[in-house]
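Below, subunit A partners subunit B and then partners subunit C, in two separate complexes.
For the complex of A and B:
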């Protein structure tokens, strides 16, 4: 591993300054479960690493607010899976957090890190998409808020600019009677990256949203407001999902397999989401 | 019975240290003034090396020197356990992905790494062969220069060697013929401890630290290459953190020794996991079998064409091919057989020994053939095996050692454990398979036992304890011979300067070979004890008997400690015994010697398959080994479970994937999958059959490979039973099963 400088700021302002170094060779560090892999195999070679874990404003909290749930940038996935509020209102997000890595990884890995790493296969992102989550970003020039859908641009690419930090991920409170479910497929059952992942959300009026991971350059959202999907389980109804996907062939799976599995997981998550929702077929 | 006696499941000697982190593995050893070595490799498989520019790198901080091929003696020295074909560094060209081009030596590992990146290697990629078909093609590029095999008629091909075994005559009259091709992937050993070594040269000679399975072979190799007497080459072999066959033979130790001589300082190389992947692997293969059966299921013949893709250097791979294919037809009465087995070079990671030594590959083919036949003949997997399994004393290879176990007992027990014959639940399927592996064919193990004044014992045994628990068994054996507990015995190994010779730690041999050598050494001490007791009592040595760790003199019983105290007297002293077990070469045998025993296993599964995704769920996995005697039942179970789980790897998920230029695409722990605790069968059970019919102490046989031998065919048979779809290529990944289901592969 290449040597690098390490800084551990205690305020956001300090962090902004460190991270906006003009050479761009600075990386933010949360749990490090993605960053360290990159550092070790040489995929990234930052001059300096800025540890976010001791920033006062980024307390690792999950807080229920009016109309929303806020997850602080330093909250780790194990906190998510243990949170009563999330388990009750965002079961699909909890399901997705619960499959990331292993127990050890989940005690270290943050939700924000999973999102900011911008992997096409990031497991929590399809759920964040389906729940309509927003990302609160702060930087040298203030605060902005973008939807998760607009946050990830492509593989390893987000809208973050030099010096910017994600401080919070905000999930709107789902309408009562909403059901959602997450499923993924892997080559083995323990610790693996997704071949593909799907989150389906069904609201009480029958509107359906699918978040899909690992079948395109970034996780993406497909909405179906006409309730067409819900009224049928026939494979053709998932054509919209398949049409929007552009799966690749890699060491984990082939294009064909990924493509075919979209329908399988979509059907399964849809059935589970309907089951959990108050929506009834007219 | 004393605590820890043979037959009891004493916990493993050193087990606690392995778990709590206090065990000193190679990488924990720090020597004063030690230098660190980083190998420079290219991200290409086959390349002609045009230039190596070290001018920048050599001036980077901490760099002691950079060793390029030009610095080495010319022609480049080569070594290998059978063929001396492996150079210290890539000799003018790289012949596989990751072959080291030069070595950077620096004050720290980080400095060595940084400098390694600054070495500029000019190279031209050249075509290579990465598959069996490519290697055998008409004008395929040669992996090795014919000059390395001057008298070999095959030298102008990529075939390293072809073996033919034949008996009876193949006659298809009145037979049902099944004819299929089976493939087995490249897999890597994935020992948790990466490979590495330390070398040091000083006035006392050469010292090599290496977690090697064969310390005495390493000693000989270094002695030969550097023209030093054996007495001036000392190999210290810390317990390997897993080896599985990958750490048998020298790899980088000769280069390190050369660097140590050059620098005069201890030099250390620890590979990364990724580099380890590029250093060792299991032989992949494609096996075409044509088999004939009578309508009642009786096996008439197997006609086997076995092509094993070995790597760019021979290592021990040809022996793998020869030995596994010799027993390709398995534990059956096979009246007629023709086996043609080829070891084929390719521009890939040198393949070497791997738990099972080629048997998992051949058993995959032959056992799947048994199932193919059973389906055609409307028998079931158990019936066809019962009909053909060799009974005790019957031939498997005519004229060789006959069946040395009541193998049908294992088959019946495994069938019972899996519930064979009871209808499975909806959607479930079952499969069963058997296999034998030849134990060691030759061997030499020497042991020294010191019975100390107070009755405690030190055993010197050169077996490498790589997790199989050799030390524990040895302590148990000696404890019983001297009537003490295992805590009164210490076992010393891993130092060629003080521990007597042992040929190898391989082929599940140590309990049998070294175990018997220790018994012989104990007997040597017993002889001396008898004389001592006779001297004290004024009787004849013949009147003294040593039984159950006690000295019996004419109806009186004395503890050994009493006899020692009285016999050795005020000046104390001790008794020292030596034991040797030698199994000499048999030049007339196709393998150079008949197997010392067969390792027999029966494995069975119950599975269900997700018809939409192709995911296999193992509800039950049972394995039964014919072990002769379980000297330590706990260790036998652990070895058997470990082998079973390792077998799930190549059966379900493990495979090294190459791109079309021969580069490994899934290098490292992220994309090379091995089973985790979450991939365990819902139930896994291991049992043994004990008839005391082995050649080892108390009738034991070797046990640590059995459960990996036929995992794949038993699993695939269960998948076929559950789905109606037969798969002949491993591993059975969800995607492969899904494709097969989709294609509806016919039975």
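For the complex of A and C:
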């Protein structure tokens, strides 16, 4: 591995300063499961890395607050899959966290890192989109809060500017009776990236939301407030969903296969989400 | 910011102080500086699990962790899971079931399987498969490994 410098700040203020280097040559390090791969294969060549794991304000806590659930930036995916509160209220997010990499990877990989890495195939992002999650960002010029939908701009690109750090991911409490489910397709069961991933959420009034991953330059959200996907116009609705995607052909699957599978996974996750919800389809 | 750092690694119960280059992976320090060659380097990008060790009781890919990140943490390697001159019940079971072929993946496989059994003493077959999904065996001996682990699971009370 190429040499770089390392810093281990214990406060956000120190980290802002370190990460604000104007040349952009300083990278934040969380679990390192994306960053170390990039450092090893030379895809990124930072002058220095700043370890976020000792920063108090990013503590790995998953906390139920009034009308929301907050997940600290240093929380790893194994914590998400073990969390009683998340399993009860956000089962589709837990399902998506549970398929990332392997046990070893989930012991290190953070939810914030999965989001900040901004891969089109990041598995937890479709679920964060469907649950309407927000990202709390702090930086040299203060705090701001953006929706996950507005956070990821494209492959490896987010709204974060120099020195900014994600501190918390906030999920609003789903309305009672909400059901949601996640599914993905891979070539093999273990340690593989998604060909396609879908999270579907159905609320008690019948609003249906789909979060889709790996079929566009970034994961994206499609809302269907009239529950048209379960009406007589369902076929048109699914066609509209497919039309929003722009899948590519790569080593994992072809454009055509991905496109064909969107409807399949959308139908499956919709059926599972309805099953988990209190909504009775007309 | 520095290119070197003084770290304390507690490995298999013994403390070691190092002045370490910060870009060195934990795996490299374990193998080259401490002579603990049980953990192996293969893919070097988190996919094969040959480098699996425990850090504070949790399995990690030591190829994807910097030695500086392990500062002041408890590291257990396959050497630390092997009692003195004998073998652990899990290691014996691997031998008894013919689950070891070339042996390259076995240290990582045993660390993962021991972690699985310690956190879930009665895993189902699918839980064993899931628990070992991050460990690849190039000899393809997965069935025998599954049986070796199953043989020492505690029957459900």
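What we mean here is this: the second predicted complex is superposed on the first by the 275 of 282 C-alpha atoms of A that agree within 3 Å, B and C clash if a C-alpha of one lies under 4 Å from a C-alpha of the other, contacts with A are read in each partner's own complex, and residues count from 1 in each chain.
Rule of thumb we're sticking to: a residue touches a chain if its C-beta (ideal position, glycine included) is under 8 Å from a C-beta of that chain, and two chains touch if they have at least 3 such contacts.
This structure is a prediction, so every number in the text was calculated from the model and none was measured.
Novice: With both complexes superposed on chain A, which partner does A:261 reach: first (subunit B), second (subunit C), both or neither?
Specialist: Once the two structures are laid over each other on A, A:261 reaches subunit B alone.
Novice: Which partner does A:51 contact after superposing on A: first (subunit B), second (subunit C), both, neither?
Specialist: In the superposition, A:51 contacts subunit C only.
Novice: Identify the partner contact of A:185: answer first if only subunit B is touched, second if only subunit C is, both if each is, neither if none is.
Specialist: first
Novice: Check the residue A:32 against both partner chains and state whether it touches subunit B (first), subunit C (second), both, or neither.
Specialist: A:32 contacts subunit C only, not subunit B.
Novice: Looking at A:253, would you say it contacts subunit B, subunit C, both, or neither? Reply first, second, both or neither.
Specialist: After superposition on chain A, A:253 lies in contact with subunit B alone.
Novice: Between subunit B (first) and subunit C (second), which does A:193 come into contact with in this model arrangement: first, second, both, or neither?
Specialist: first
Novice: For subunit A, which side has the bigger count of touched residues, subunit B or subunit C?
Specialist: Of subunit B and subunit C, more residues of subunit A lie in contact with C.
Novice: Of the two partner chains, subunit B (first) and subunit C (second), which one does A:41 touch, if any: first, second, both, or neither?
Specialist: In the superposed model, A:41 contacts both subunit B and subunit C.
Novice: Taking the superposition as given, does A:4 touch the first partner, subunit B, the second, subunit C, both, or neither?
Specialist: So A:4 only meets subunit C here.
Novice: Could you list which residues of subunit A make contact with subunit B in one structure and with subunit C in the other?
Specialist: 1-3, 37, 41, 189-191
Novice: For subunit A, which residues are in contact with subunit B within the complex?
Specialist: Residue list for subunit A touching subunit B: 1-3, 37, 41, 185, 187-193, 195, 251-254, 257, 260-261, 264.
Novice: Where on subunit A is subunit C touching in the complex?
Specialist: 1-8, 18, 32-33, 36-37, 39-41, 48, 51, 53, 78, 101-105, 107-108, 189-191
Novice: Quick check: in the complex, which residue numbers of subunit C touch subunit A?
Specialist: Result: residues 1-3, 5, 21-25, 44-47, 49, 52, 58-61, 63-66, 68-69, 112, 115-116, 129-131, 133-136 of subunit C touch subunit A.
Novice: Where on subunit B does subunit A make contact in their complex?
Specialist: Result: residues 110, 113-114, 274, 612-613, 615, 652-653, 657, 665-666, 668, 670-671, 673, 675-679, 733-735, 738-739, 742 of subunit B touch subunit A.
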